[in-house]
């Protein structure tokens, strides 16, 4: 049961439902002295926020966070940080429709199987609204890795339906490219290949008008990551990153580097050759996606997550009631026709949290390495 | 650092290197009274063992396990179980070649980055030999889920290179089909589509003769799993299963159900429709791979893992030494030309461990559910 | 760092400082369906509250809790519960005195040693105010053990200075006796031996007038606890209970059963003899304090905690500044002259949390025990 | 269940029963490069060993440990270390006596209550023999703290029955004094006050001849510990140390510094006054036992553990069988008449493990402190 905590050393614990008072996160393991403000949090919360464009649900949630603990005079104190994001747009409405009907693709049925009891107002704890807490925590993780080693995490949309973006160098994509078009207007689909992005927008518009939804793929790239992050066996960096992304709603697949395409390659084609240059040892190519043996190699970490089409549809669908009677359901308005544009800050947050966690884990022994290399008598 | 433990309630902790005395696993959280023997362990250890066919490395490792603790009169006692599998085939040889050269695709470079110090005899802790400990623990997990709810986990090869098997009903594949051909001889490639299997064997033979290797995809199927396993947020069943599989060597991608193909589907095509039958509520189709909202739905859990071609090649490859000098490397004999056939017991073990863990986690509160549903005064 | 979480299965995570916005607790692992209300929380928060009598600090803190998550229609949902208790009585005042001076007996110096940075307004994270969060969580734990097996936890004062209460049967003490005198007026010192209590009150009054403080001992008794709670090795019930009590501020010693007096006994005097009666097997005496081999025996669990005299004194004390200059300090008003009366709900909360945790841990395997005893074929 | 792991960052996991093949410990989180040998382990295993003097049980157990993993060329590798200590002196004997009778003071009854199933050959998992694994792990912890910051942990006997040693300066006691008498012969009772030690030996001899046993108190002292170890709330250093000591068999009480005597002191008497000297800020006295607010202060950490008289007696005792029939039991030979002399290495091991754990936890953020103090722009 205690499944509401993530991370070993940089550790977040969350609570909150879509229709309760709000979402809260306690972040434990934050080093002292990191400058942080509500404005910092707002940047990514705005990127996650519903209602930000015609591509997203039209619900309005201002998502204003409040620091409850762990920050003093604008800096973290080293003790646990708590952030509260209150729910505001909870319309008083009739839930009788979804109270007893199992929405296809949703967790209603499996929640009843598990708990025998369910907050039937919206998704409850399984609502994507719980990701506000993750995004807020992710901002602190991003600050940590930026300060500690200049690390950065960015996510963008690389596929919607059959439309695939062409991003030859993921490590060169900038936040600016993800968020804005060349003319400075918002890049509402968050695809840095603008031509593909236009087609994606058209497709999302089409499925929306058709009261339908569409899936896609997000790419998440971490740059500036030093070689040496990750544990050799169970807590491989790739394993913790995969868990982080799969813990987000709607993710049905994760791959890194060459990913599933490795199945058709020969070893001699797939191995990345080591080379030495002015900045040390590296590899010529990056099919290994920045991780070897579960430990970061110093090359960009490149992950992709497959995200299913939104399950809530304005279209009528067949289903059953909780006592097994056939019925139909039509989810009333205000749902994202495509989850991809708002996924970017969520994916970034989870990846940044894993990197912050593993970096702190590493620090505890990093001193020994310099000791042992410099002093053979240890 | 403490990255050598996996699981919350059914929890395994391992130690061991490829060229040390052996591999050991402590399994904590095993309920009392489960019958278990060395013979039980041998079944899966034999399936994992090198040298079992022409498709695998020719190293001979008998892999005989010894119970060190936690078993009395043929049954688990409820206290921690320990199993030791000694290494035997450690040829005394010259390691100077790999001591100072970074093998492409291996963890040599990243280990040095992390620890500044490395057991250079073979893969050390990053050797796939550590999976013997997981396979042994997996046998106990399999016993647990079989006894508790009739659960079963099977894995097989569904793709090698470009050759894809046709397995229309993964939940109907049997261990017999995976392990034996219709004539009773061993199914050395472990693909239950025998026609595809023959082609896979030919391809593996071809790349082996070419001193090369080839990748592939394994499918892992869990049947008999009740609805209700998994936690709603971070410890979603899909998230823990993904971490489990990504923690295995050479896995570059994981997906479940429809997986990456969800990207091109519309919601109306992807949603599985709930139906009610004699055995309760279910879905017509299983694109959701047996998990909704991170909790099992009662349908078969179907996962796929992409596995890269073996990095060790008898072919000469360019690389650098640890001090950055260009050199070449050729890994001497005895490596699997394709990792897929021996992956089956590893994948099964990790999936069974996750299911055993989540089932025990659920038991702690399951009594409350019946209480609360039967007695409103609680 | 991640030191703000307690418990394995019933797990609380807290954040909050004495002069920040408030204290928050997330309680993970709460089974679904437990009825809980703000009024329930208020009972123990009132017992912990400052300003409740002349024996305690005169600060006024209404301590009104708010459920942020995990409760729906008056019952827990099975997901994480969050409770916020805002700070209110934060006088705007001059902290320059304690900002740079190390208060004797306080954590100011050790915090600076650890973090190099400190919220100097009062105790910050080390303030006893953080125990509000524990007391709130303890109420839920008490509900859980009461519902699950009729368990109850009570704490009272058994010693202040040299005055020792005579409590021959700790298991028979009632909440009524702890909270009220025979005439119905409040038992402000919370000692169920009223005669001793009167003397304690006189002594506390005396030290208060002398601008001093006084130590004491609290006894915590858990009744209705079934035999079988606790783990055999590291997580012995006595070990987790001791950690729970030592994690509270000002506790310098913990003992159970005969405690330190065991040092002078012979084995033949100390062993409690097993006897069988109508209600099963028990012991004639309870020098073992309800725990044998780290597992509960079914007899009352009896613990005692030694609590030091309040470190904050209105009396002038010598100390140094953070840069090592000799100085004096006098803590201005509003401090408890004796910590014992308000300790009762804190001690009860921590003990109840440990019992709830171990009970849930046990449930996960308890089904197996009945299985294995009833069915030898398992 | 998962109660066989101790520690967060320096984490030990154990398995083993008194009459099984042996005891095994996996130590995770050990930094790379620490030199360690079997001889190092033997020093403390010899101190724990039965049969070392007339004061201890006469069982012979050579306790020769074997490194199974994690050590290469005489140094730790940074991956998990495993140590196996095989049981050897397992006489084939008749257990029918203890199989069905509950030994007073033992865990037989509570184990049956918990597991419904028990290894009835001796204590099984609850045997003090499991502490061999802790002692072995403790040697590595001692190496770690010695190398990292010159820390040392020593334990000795300070009370047996009514005989109390006079140790005015615990921090000055040496291992030499604990292990040897002035004439170089073994100090078999491990009391550094030799005059008191003689009386203790006489008393233990007396109770032994009387087929009885006697309790006592052990003092454990850690010196060279820097200020700053420990977490502010639940994982206070005092809390983790108390859990560590209470997790050992037969411990009924733990106190530190002034301990239970704080109950009778006034604040003005109890507070230790801060002073500044050439070596920084310290306190004039050490009633706080080296910990303030749960964090080490830089002064010696002084703990005491109360240890009950051995429960196994050659004297006949009344008890019941597992089905409730009255009977008598007489434990045959080979038991310690007093547990204190052999407790020293166990107490030291557990304290060293906690200190190693907290030191590693601290390292992960210690870099930030220097950063934040030296660079206000972080």
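Note that the chains take the letters A, B, C and D in the order they are written out, and that residue 1 is the start of every chain.
The working rule: a contact is a pair of C-beta atoms (placed from the backbone, for glycine too) under 8 Å apart; a residue touches a chain by one contact, two chains touch by 3 or more.
Remember, predicted model here, so these are calculated numbers, not experimental data.
Of the two chain pairs shown, B-D and C-D, the one joined by more C-beta contacts is C-D.
Distances between chain centres, each the mean of the C-alpha atoms, put C farthest from chain B. With centres defined as mean CA coordinates, chain D is found 45 Å away from chain A. Chain D has its Cα centroid 39 Å from the Cα centroid of chain B.
Annotation: 26 Å between the Cα-based centres of chain C and chain D.
Shown for chain C are the residues that touch two or more other chains, namely 1-5, 8-9, 14, 29, 31-33, 75, 78-79, 114-117, 125, 232-233, 360-361, 364-365, 369, 372. Of all residues in chain B, only 1-5, 7-9, 11, 13-17, 20-24, 26, 28-29, 32-33, 66-72, 75, 77-82, 84, 114-119, 124-125, 360 touch chain D in the complex they form. Listing the residues of chain C that touch chain B in their complex gives 9, 29, 31-35, 75, 78-79, 147, 232-233, 360-361, 363-369, 371-372, 378. Residue ranges of chain C in contact with chain D, taken from their complex: 1-6, 8, 14, 102, 104-107, 109-111, 113-117, 125-126, 130, 159-162, 207, 212-217, 226-236, 238-244, 246-247, 249, 251-276, 280-281, 283, 288-289, 291-298, 306-313, 315, 317-320, 324-326, 361-362, 364-365, 369-370, 372-373.
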